[in-house]
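Right after this note come the structures.
Shared between the two complexes below is subunit A, which has subunit B as its partner in the first and subunit C in the second.
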Partner chain A sequence: MASETTLGSGRRNWLPAWLAGDTVQGIRRQRMVLGVLFLLPTLIGLIVFVLAPIVVAVALGFMKWNVFRPPEFYGLKNFTRLFQHELVGNSFSNTFVMMAMTVGMLEVFAISLALSVHRFARSRLAYIFRTVWFLPVLLSGVSVAVTLSYLFHTDFGVVNYYLGVLGIDKVPWLVSSDIVRFSVSLATVWRNLGFTFIIYLGGVSALPQEILEAATVDGARGLKRLWLITLPLLSPTILFATVIDVIRLLQFFDEPYVMTRGGPGDSSRTTVMMVYDTAFANLEFGYASSISVILFLIILAVTGFQFLLSKRWVFYQ
Partner chain B sequence: MTVINRLSTRRRGDEDVVERIPDWMPRSAADWLAMVFMLIIGILTIMPIVWVVTTSLRTPAESFTVPPEWIPRDLYFGNYLQVFDEIPFVYQMGNSFFVTLSTVVGQLTTATLAGYTFARRYLPGRDGLFWVVLATLMIPYQATLIPLFIIISRVFGLADTLWSLILTALPTAFGTFLLRQYFLQIPGEYEEAAMMDGANQFQIFRRVYLPMVAPGMAILAVLAFNGKWNDFLTPLIFMNTTSRFPITLGINDLQRYMMTGSISVVLAAIVMATLPVVLVYVFGQRYLIEGLMVGGLKG
Partner chain C sequence: MGHLSRREMLQASAAGVAGVAATALPGSVSLASAPSQDNVTLRYQVAWPSDYEAVLAAYSEARPNVTLEIISVTGTDHQEVATKILASLAAGTPIDIGFACTEATQLYAGEGLAAPLKDRLLDNADDFKEYFADISPVLSETMLFEGEYYQLMVDWNAANMFLNVNLLNEAGLEVPEETWTLEDFVGYARAMTGLGEAGDSFGFAWPNRLWGGWMPWIFVNETNILTEERAPGGEWFWDTFYADDPKAEGRGGGYRWPEPQANNPAVVEALEFVVSMTAEGVAPTAELGFSENMAGFFTNNKIGMYPAGGFFTGFLLENGMEMGDFDVQYWPKWASQRHQLGVCGPWLFNGGANEDLAWDFANFSKQREVMELLAFFSGTTRTTPIRRSMNNAERFANTGPANWHVFYGTADERPDTGPIPAPVFSVELSNIFTRYTSLAVSQERSPQEALDGMQAELEDLYARNA
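Up next, the complex of A and B:
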């Protein structure tokens, strides 16, 4: 009971004298000790598990190392090899194509959903919709990939059954090398839409109502208002969500790996799958690292490019 | 404006009656369009989930027949039992629980400690260190995986152990940033008041500041639980022994075993493996959605 009113009094004794809190120096020392102790786990962790690995990854990119023999310096040979390696180039183009399709669909659908549900913002219905759309985010990439690969089955899949009811021929979703990238992108959109939607919902509910109403009074309605007023006001959120989605989807792995293992042929093999196979199936750690370093640089470049470009279209109030 | 829109007059008998239109009622063509769009996306979202549940309850012979059956009739639970025969399901769920809960507790610990220090102004060089922490957010996880595997197996000797999955997930730049934002919102007067009462600096953290960032901790806990429970690539690389797999790898195996068998068994495993995340979501929904929306606003 007493400790509630006099927080910590009578417990001062467990501290050594030089840390006693009854002098200014003592308090300063307490803060220093505490600050250092509190930061250590995070700083050491980030150094050992994030910063050191990225440095090692770059270093390994310049080495030849197949685990059994010690690594040897290899110069730029890994990089010259990967630029001529058709499979690597192919994996980068697959990753870009699928990223572009997925992000395109994600942003359009998520913005539309956020603006739609905002019309019914305070109703129970909005809450129900929000909950339903978010459900797939809870599923693991593996579960989603397994489920949708059954649904997309050419002969027995539910999707083709309903398309058949509508009079549409069977679509070879996962067995045609032309369509498979689109199918995998659809699966990824299905799992991630709720996540991107929530980001936009935050942006939409923070839109300044006075400006929107003033625009309506001035005669901006419908699509005109959407294009000239609402979307520009929303542009900071669009930038944020797009950057996050692009970064995540350039590191695409779970869905294509489980749905197709990169097939048919290599038509849905992504860069991370390429890194994974090169390192852990072929045990070429140096070469795999050089591919992942290129991926890292591409992600940095694309993100930087998005921010640079954003000066032209993002509108900050 | 909205209030006026929500009222409509209707003639009832001899007098005009003003009625309140329910919030969910579309009032214009655009409203109707929005409603139809939301319904279509809602149906497309929910149908695969319903299909998973109903098909997991179908007998193996019927599991792949179309048209799909949207309302379960047989309620055949044999698929659920068969999951336990095909993969070490109990172990793998246990592994997932152990790894996920340890990661959540660990991330809460490291992130509150670091977030608190970064929010207070006492340590020299604090801002520089904070930028280093933020910069690590730019490094894609996938690019660090090969060295991470080498460090875990060669330096720590932890390959193929659950600890390898936990240890690498403990430092969290995102969580540190999130909790720092929460600590920043608490005024410094609380500290002065506590010092008047004779509290030392640790007690001020533990008993004054920490309880006030509970909402931020809840957000981090729910996000960390969801992320770690569903993690696939990390265990795929770190783990070799089937009985030590988390359940995501178990489902991947099960799908391959069942290529020629009943897909209902795989779907039953998916239902069971998803239940914990759904439970966490039901209790933590408010925090999860709030956390993601805060991220959007800050952008």
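Up next, the complex of A and C:
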């Protein structure tokens, strides 16, 4: 018996010998090569646009480079410096505080909205609500930030004008270190709410109606039903939305950069702003890369931690 | 005559631009060297390409083999533009000619990015005598760095005091005299506060930035956040181009700012003054991210006085004000009446393959007839022309301000006027300056504490760049 089963002959003479045989092994090889060819565009994209920049950024973290002169190897100096640099620590702290505030508000508002809008699921109003709430996502972050800067301006802003009508004193939305992070978070929530809302609306729409109806029959209503039945059923969606939002918001940039430039002082300076200023204002590209590498690792760790914790509170049916 | 179709109108416009360009050429415009016959593309970085259409058309007439590719880089101020250009260079985008202002002049020169122009200027000295004779030595000095010369200036701006005439009238005041003082200014600011239907106007406002923020108050208090001195050298420049100008005497090889002094008593006094204006309710809080837009409130009569240069005229007219609604005056006198300024112009990429051709274009562009083709000098004037002869009554006749002579007078009549502090690391310096300013104006730190913090960071900055 021959070692390779012959299935046909003479049709693929242009192929190399190891690939051309009309045998089971030959066909396997051909399928493998075809698979690789189909994957190649994606692989090239992945290497050029994802892996290579990550590798270059990590490598630059060990260099000293100011654009004008060639990079020189700098060892671990960038990393040791950033752990002693008060501004860097402050920027990480700001980022986490603003991320926590923004994600908290986003999830609560988005879940509430999704549950409310779902009530109109069979009505035309659902289309209107979905569209209206999603519209801010389509706007540029910079445009939104500029507009909201006007609204939040201490002396000329519309927000303080209406607060004044109600007899409330001017609030220094963007010029007080105590308030500025909340103001910037509020602006970010306004622009991003639609995205998180759409995720939750999808989750709410997919909730098993028989369980919800059974809970109602058993007497679970209002907040009790929400807390004990709806939210646990929605937990996989909550995990997905919070993971996505935390990753995005640990890279906070547009709103604080345009609205406050990190001020007053450094009270709203985020890590990505720190990276940007370090690279393009201070011309310390190596140091900026080292900060971004640490940010990357922190995002990775936070995401891993979220998945680890999810085993305790996420219920998959 | 029948109506023109849109296509015909566009064709006519294009022909018009070419026509203007062509009429500018014969006899009046010269080109220094014989052009190469090879097709070449020059990459020129500017803010708004539309401003240069007529100049490019004129240059194309003279150099049909040269294609000028315009790379647009815009920003809220020149510091931000410099930051973006650096980002672009870091990304590997090459340029042959850049456009920079004082904020970045020493950065590009000091890092060897901009080509020194001494030899080229001396080789064409006769041609350039006319150019420099039309420019105040106060302005030319800012383009010198360590005895070398780097940019062919196009425009400049000093921070003068713009006045809202509508609010002045409502307060029953006249435009102040040229030699008005700090006390006069405070009186004006108070009088213009709380006016308008809503009673919510402020007498004065300022943006939180290096140029034209509270820096003018530092200058008129006869101090600076950095010590200031003149570099040696530059005799070749002054002897060749300003030999007969008494205002050029004593000038050297460019400005140096050897060390920080942000917390010296005079600087603290200047910051205390602007903070007190906000505390008193005469000035709104200068917010960091928002401050660039504060100027907009001048146009709807919410602000009485605002620091700006000739560029503000165009801004006000484009935003709804009319001739007579605004005027300008020198900055009020405190310990002195020394103004702060910034000067802009093209620089050539050092060692680039097209450096000779880039020089050819820059040389071509410095001629008055060519400068007149720039869109920001035709129609509404959107910045102050570098040439004295272009700052004339005709230019401002239909737009105002009535005191237009103040713009160039700041250099000619106040020759102690100097550039904002802009050493090689000026972008980082500017960030430090605005950050600590924001802490003082938000009253989270006293001016002394804020400036002590600024001084400490500036000392660290100097140590890192030693």
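The rule is simple: the second predicted complex is superposed on the first by the 276 of 317 C-alpha atoms of A that agree within 3 Å, B and C clash if a C-alpha of one lies under 4 Å from a C-alpha of the other, contacts with A are read in each partner's own complex, and residues count from 1 in each chain.
Everything that follows uses one rule, which is that contacts are C-beta pairs under 8 Å (C-beta built on N, C-alpha and C of every residue); 3 or more make two chains touch, one makes a residue touch a chain.
Source: prediction; values computed, not measured.
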item	value
Fit or clash - subunit C, subunit B, common subunit A	clash
Which superposed partner A:S140 touches (first subunit B, second subunit C, both, neither)	first
First (subunit B), second (subunit C), both or neither touched by A:L43	first
When both partners are placed on the shared chain, which of subunit B and subunit C touches more of subunit A	B
Which of subunit B and subunit C A:A281 touches, first, second, both or neither	second
Partner chain(s) touched by A:D266 [first = subunit B, second = subunit C, both, neither]	second
First, second, both or neither for A:L174, with subunit B first and subunit C second	second
Touching partner for A:I211 - first (subunit B), second (subunit C), both, neither	neither
First (subunit B), second (subunit C), both or neither touched by A:F68	second
Partner chain(s) touched by A:V258 [first = subunit B, second = subunit C, both, neither]	both
Touched partner set for A:Y150, first subunit B, second subunit C, both or neither	both
Colliding stretch - subunit B into subunit C, listed as 20-28, 92-100 or 254-262	254-262
Intersection of subunit A interface sets (partners subunit B, subunit C)	146, 150, 153, 156, 258, 279-280, 285
Subunit A-facing residues of subunit C, complex	83-84, 86-87, 89-90, 111-113, 200, 202, 284-285, 287-290, 293, 297, 302, 425, 427-428, 430-431, 434-436, 438-439, 441-442, 444-445
Of subunit A, residues touching subunit B in the complex	5-9, 11-12, 15, 19, 21, 27-28, 30-32, 34-39, 41-46, 48-54, 56-57, 60, 109, 112-113, 115-117, 119-120, 122-126, 129-143, 146-148, 150-151, 153, 156-158, 161, 190, 193-195, 198-203, 205-206, 213, 222, 236-237, 239-241, 247, 250-251, 253-254, 258, 272, 275-276, 279-280, 285, 288-289, 292-293, 295-296, 299-300, 303
For the subunit B and subunit A complex, residues of the former touching the latter	1, 22-24, 30-31, 34-35, 37-38, 41-42, 44-46, 48-49, 51-52, 64-68, 109-111, 113-114, 116-118, 120, 122-123, 126, 129, 132-133, 136, 138-151, 167-168, 170-173, 176, 194-195, 197-203, 205, 207-208, 226, 229-233, 236-237, 248, 251-252, 255, 263, 266-267, 270, 273-274, 277-278, 281, 285, 289, 292-299
Residues on subunit A engaged by subunit C in the complex (per definition of touch)	66-68, 145-146, 149-150, 153-156, 172, 174-177, 257-266, 277, 279-283, 285
